[in-house]
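Below is a structure I'd like to ask you about.
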Amino acid sequence: MLIHKGSKLLMIGDSVTDAERKRPVGEGRGEDIGKSYVAIVNALLNSACPEEQIRVINMGVSGNTSRDLVQRFQTDVLDLNPDWLTIMIGINDIWRQFDAPLRPEVHVYPEEYEANLNHMLELVKGKVKQTVLMTPVFMERNRQDEMRAALDTYIAIMKKTAERHNAMFIDVQSAYEQVLEHMHPMNIAWDRVHPNMTGHMIIARSFLKAVGFHW
Amino acid sequence: MLIHKGSKLLMIGDSVTDAERKRPVGEGRGEDIGKSYVAIVNALLNSACPEEQIRVINMGVSGNTSRDLVQRFQTDVLDLNPDWLTIMIGINDIWRQFDAPLRPEVHVYPEEYEANLNHMLELVKGKVKQTVLMTPVFMERNRQDEMRAALDTYIAIMKKTAERHNAMFIDVQSAYEQVLEHMHPMNIAWDRVHPNMTGHMIIARSFLKAVGFHW
Amino acid sequence: MLIHKGSKLLMIGDSVTDAERKRPVGEGRGEDIGKSYVAIVNALLNSACPEEQIRVINMGVSGNTSRDLVQRFQTDVLDLNPDWLTIMIGINDIWRQFDAPLRPEVHVYPEEYEANLNHMLELVKGKVKQTVLMTPVFMERNRQDEMRAALDTYIAIMKKTAERHNAMFIDVQSAYEQVLEHMHPMNIAWDRVHPNMTGHMIIARSFLKAVGFHW
Amino acid sequence: MLIHKGSKLLMIGDSVTDAERKRPVGEGRGEDIGKSYVAIVNALLNSACPEEQIRVINMGVSGNTSRDLVQRFQTDVLDLNPDWLTIMIGINDIWRQFDAPLRPEVHVYPEEYEANLNHMLELVKGKVKQTVLMTPVFMERNRQDEMRAALDTYIAIMKKTAERHNAMFIDVQSAYEQVLEHMHPMNIAWDRVHPNMTGHMIIARSFLKAVGFHW
Amino acid sequence: MLIHKGSKLLMIGDSVTDAERKRPVGEGRGEDIGKSYVAIVNALLNSACPEEQIRVINMGVSGNTSRDLVQRFQTDVLDLNPDWLTIMIGINDIWRQFDAPLRPEVHVYPEEYEANLNHMLELVKGKVKQTVLMTPVFMERNRQDEMRAALDTYIAIMKKTAERHNAMFIDVQSAYEQVLEHMHPMNIAWDRVHPNMTGHMIIARSFLKAVGFHW
Amino acid sequence: MLIHKGSKLLMIGDSVTDAERKRPVGEGRGEDIGKSYVAIVNALLNSACPEEQIRVINMGVSGNTSRDLVQRFQTDVLDLNPDWLTIMIGINDIWRQFDAPLRPEVHVYPEEYEANLNHMLELVKGKVKQTVLMTPVFMERNRQDEMRAALDTYIAIMKKTAERHNAMFIDVQSAYEQVLEHMHPMNIAWDRVHPNMTGHMIIARSFLKAVGFHW
Amino acid sequence: MLIHKGSKLLMIGDSVTDAERKRPVGEGRGEDIGKSYVAIVNALLNSACPEEQIRVINMGVSGNTSRDLVQRFQTDVLDLNPDWLTIMIGINDIWRQFDAPLRPEVHVYPEEYEANLNHMLELVKGKVKQTVLMTPVFMERNRQDEMRAALDTYIAIMKKTAERHNAMFIDVQSAYEQVLEHMHPMNIAWDRVHPNMTGHMIIARSFLKAVGFHW
Amino acid sequence: MLIHKGSKLLMIGDSVTDAERKRPVGEGRGEDIGKSYVAIVNALLNSACPEEQIRVINMGVSGNTSRDLVQRFQTDVLDLNPDWLTIMIGINDIWRQFDAPLRPEVHVYPEEYEANLNHMLELVKGKVKQTVLMTPVFMERNRQDEMRAALDTYIAIMKKTAERHNAMFIDVQSAYEQVLEHMHPMNIAWDRVHPNMTGHMIIARSFLKAVGFHW
């Protein structure tokens, strides 16, 4: 597995990551780590390779955009000294453009999204062993849908930014689409954004496969 | 207006109709009538033509399918002696096929849907001055989506059944689609089914236009 | 319609406006905009003319008098840069004189009421395209009632002030009185001040008719 | 005082009487007796003439009409064997005609009101030492108001019925009107029906004066 | 009545006075004035002599000793400019000596009690038309009980202090004892300190008789 | 110790015994056994002589009189087959006579108290190894107090009844009085009936001393 | 995978299985399936092989012993017609012997445990394609601990019974012990019985490996 | 008894001590002193030797390690001027090493533990009449368990430190072990750390025996 023994893995993002994690730091007993893919990643690592002693921390915050991540990056990422960092962000950057079209001050457009990702990757340079960018997910199969089309733009930006900084890039949206060939999105999320445990398992598997985890 | 002075108008359906109405009968002070299009219809009639004294009753029940309506039709419709009756039903008949595909016992397929509508229209024959069938709504613009495609089937059944029984037919789905040309469905409902007040207003306007209400 | 495409409409007032709106700013998903006439205006505009993209914001605060509005005018009106502004205020200025007659420090008498309205209209000069003054409402049909008589005085002041500043003036009290010819005030509000949805619809219709909205 | 030492005084009515009394019987520690005029009567008797040992019981039920009283008269009055009985009922008989004008099934019109009062007075004949009819109260000073006018009719019926059966008659409405010469109804009740403690004190004093209580 | 028309009457004390009054000032609608004798005094004045327009304010705070009153005297008494002031304090000064005998820091002994009363009476000199000292109450009939004996000492101090400053002195404890000849203290308060409504009525009557109120 | 290894000890009574025990049977984990002297007896037995394996069950019910115990004796005592049974009852038999003097139907006078105790002792004859009668407690040191005087009567009845049936008799009231020589009753219970943990410890010690428990 | 496409898999047990599942049947949206290994099995099947359409149902009930399972076997297993059935039971059969040693009526000893397992396996004969017995788990590494020793006895019984009926047998306790070589039991469960998500993942993996699931 | 009449005894520790005590200081009415051994010590002293007037204060804080005690030692111990001080600390110093092995920042290793104890004993020198160190307890009978083995190390440190400073040392762990010869730890605490009342009684008895208390 790419993650070395004794590593600290910090996973940051929005409500898909957060899922009721404890404040200020999402780790500890019971559901302190939240109920998202982060909890699943932690449980899979602990149960399948306990000898690796990977420490997993959830730093998601519901409603966050990439703009919000930049603002809390020092306290919520750098101060915690992670070895590995995953960033799964962007759906709120897009979503507000469609569910609150008349409130432009809460929209984050592609240029700013790219700048925010770049800024974060600059900040971790030399401080984190490996950064992973994970695409936001919108469980919409109609690629003509405007919001789905916007997602493609943001994913392309994320991919390009990852390449520029030699970050790992995980296309979670693609992983979802393979599953959605066999079931309707309504079976995972009524709003096509906030997944049930099946959806979180898809995200966890995408990440673990990318880092060479053996079941 | 087609609804005569002093009429009793009973509106039955699922969660789109219900919206926290009072039990056992959805009328009275405050929000006893619920917070759906039924409340809006009542408020518009009371404020614009108070002299008509139309009595409006909400009998929606969240989660209901057409099968459920048939089961409670005697107590919840016939026993209350309405002059006008609206039935807006079917989205749960369809939805469960997609969000709970492995639980066939809660699915209501087209044949049963047609039988249920027919059965109800038989029951009101001679007892209600006017029955109105209102289509269920799914705020999905991709007509290739399987759930959206299924909706077309159910709407066709409803229309055919209305014609067979000389019931009034209101295509609420079409009314939505005109609005959705100007905004994304996310602006009305994250899950594309449960509308905010804008969505309820679309339903209320569809109904009131059909009955000749003047603003 | 007088309100141009893309306008921002801010509606400020007391509990009749507030109705559980979100803080600090009353807009967003679900019932963030509150449950008063503001929500109805928003829903009617969105459903009947979505292409106009009018942004509606609720800034009512329960219990407010005109004195309170002046105190929060900078943060709650000017800082939000509205194109249209409606002010519906005054019932608490009057009411406290009758339900708390021994507490003069919470009474706002006519002179101060006029000064407060004037002050606000001065502040928006050149900053807002159109200001609308909407009368407070007291659902009392006995014009000999002292509180009802006081209302007449305050309405006259509001009307005069609107004319002096070329503000639009909407006599909501008159609109109510037409409805009250057909029903007792108890059917709208037990306390004759806080309306049910029928009462809010009367206010919404008064406003929308005044701005040339077509149903 | 007319009430003899050791008497049991049962006071029945609607929400004005009830005021959160304990079920099934409104007596006991703390606020088991409710917070209405019944509690005040009890406290005044206990503090001013504790040696009289009058037992006071509150049997009010919110929302009750005279029709409801008849239905629960056996269990809630006769089975408790009172020496004195007060009945303060009628405002809901009237009120529903105005706040729910389209729901005739919950209206109690004058003929039925008279029949209900008569029926109850027949039932207590020979079983209760003294029955007292206390008028309902509507804090409306405009005698042209339809609901206020209706009240006059019901009060006249109550008075006539009291005379027919030699029951004591207390005109609580008149007692209120003397106070309302000096303050607006809003100072006692926003809805003109449910009094604050001042209003309950008016009722308690009306009763106690009628039975010859000395302060 | 000694209290002139339009007077402001402020009543301060401990939990016997407080009884869930509103903060920061105990007046207003509903139960803002609390549920103690203060509410009864207000209701009796409003119902029996509404034309006198006496304004009553409750400033009791649960758990207070005379030491606490001194600390909040400026904000809670002087800043509110009362015409009449009642002070009913002392039971907690005594009580803590018996229910927390090992915590001397919360005891207020007679010397300090006298100093505190003196200090408050000095502060109101020339600012309040009439100050009234009302004795604390302990519903214990056994004068040999140490806590009851202590009460006698504190009452004597209060009486002497009242005389020194020409304050009115009301011996509420004596008023209770007359009632307790006819009932056991358990019928008023399980803990012999916190009265039910009968006990509050005794206090209210003591005060009102002292100021010449006519029922 | 008199209680043999492996015995089942059932302790029944009123609120002093109950103290939030679990229903229907007061034993199990955490605070299932309640928070009264029963929990202390259990904890002392378990910690000081765990090898004795005494099973302790709390069957107290708040508000009970001896009349209530008789009514539930079959299900709550006999059906549970205890080896030892303690009955601590009577304070409510007395108390209601003083805090609810006008409600004779809830009073239990000495004759009935004696009959109830007798009846229970008859019922356990031959079924329980040892029955223990424990006196009710009233923390009043004034023996002239009527309620304290009544207690003496009931204690005498309990003692006489215990002797008649060869039941063990424990004078808990005397044990309290020794402690109350050194502190005021207010330090144990504001209402002189419901003890804090110190009071429960007095009861537990009285019982354990009587059965020869060694600390 | 051994489980065929379209199978219904019912998993029954105690609190380790239950984990807040919905009643009466543990399936549906959100956390209706509970939060235990059952939810993980469902999520893994849905995400890794959605085309297999395995329906998973949670029928665990907290606190259950094998005796309880037998009592509800008809309604909770047979009436639901599963294709696959897993039974994970026994820890409460044992645990009560140690945390409630004096309450023999809640203990289930080895003979009864064997009979209960046998009885259930008889009942499903010919009705279920495959039954799986999963051992209870006690995260105690000291094999001399009496409760741990008892577990060995029960596991042996389960294994023998599985063989007798050709049921599949999964030794979950062994799977735990492999993990516990690398961490202290406190890291999974403070009480050594109720696992966190890591512990549930161990159970889910044991099951899925046994049925040939490929990650 | 070693504790002199009128002494103030302050008991500090972690959750075993805390048990829901009141903040900021754990003393007063009802359960202000918490529900741990501190409450039992207080109740035993008050009931068995009330004339000694020992004042007991609970200053435990859940989750505390010895590091936390040092940080709040000034405000929570020295500022309260105790005569006797008990310190029962250390289980969290150890526990976190096993239930949160990957979070070294919350572990307190032996060297620091010793330094913390030393530091506290230095601070009280000359200020407290007698300091008592009470060992933490882990109800694990398997001495090969790593956490149990660690406990031995910490107990040895505590004992050595007590000797160095002439503090009293109480081996509570040994007291537990005598009881655990007769029952399984599950009968006292599911997690082997947080005791039920039996466990708290063991601690209280250990302390009281050490100070020469006579039952």
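Which chain is which? They are A, B, C, D, E, F, G and H, in the order written, and residues in each are numbered from 1.
Criterion: a contact is a pair of C-beta atoms (placed from the backbone, for glycine too) under 8 Å apart; a residue touches a chain by one contact, two chains touch by 3 or more.
Quick caveat, the model's predicted, so the values are computed rather than measured.
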Which listed pair, G-H, B-D or B-C, duplicates the contacts of D-E in over half of its pairs: B-C
G-H or A-H, whichever has more C-beta pairs in contact: G-H
Between chain B and chain H, centroid-to-centroid distance (C-alpha), Å: 66
Centroid spacing, where centroids are CA-atom means, of chain C and chain D in whole angstrom: 40
Centre distance in Å when chain D and chain F are each reduced to the mean of their C-alpha atoms: 45
Distance from the mean Cα position of chain G to that of chain A, given in whole angstrom: 33
Residues of chain D engaged with two or more neighbouring chains: 29, 53, 99-101, 183, 187, 190
Contact set on chain D toward chain F in their complex: 8, 27-29, 53-55
Contact footprint of chain F on chain E as seen in their complex: 95, 98-101, 141-142, 144-147, 183-184, 186-187, 190-191, 193
Partner chain D, residues of chain F touching it in the complex: 99-103
Chain C partner contacts - residues on chain B that touch it in the complex: 29-30, 35, 39-40, 42-44, 46-48, 50-51, 53, 179, 182-183, 187, 190, 196-202, 205, 215
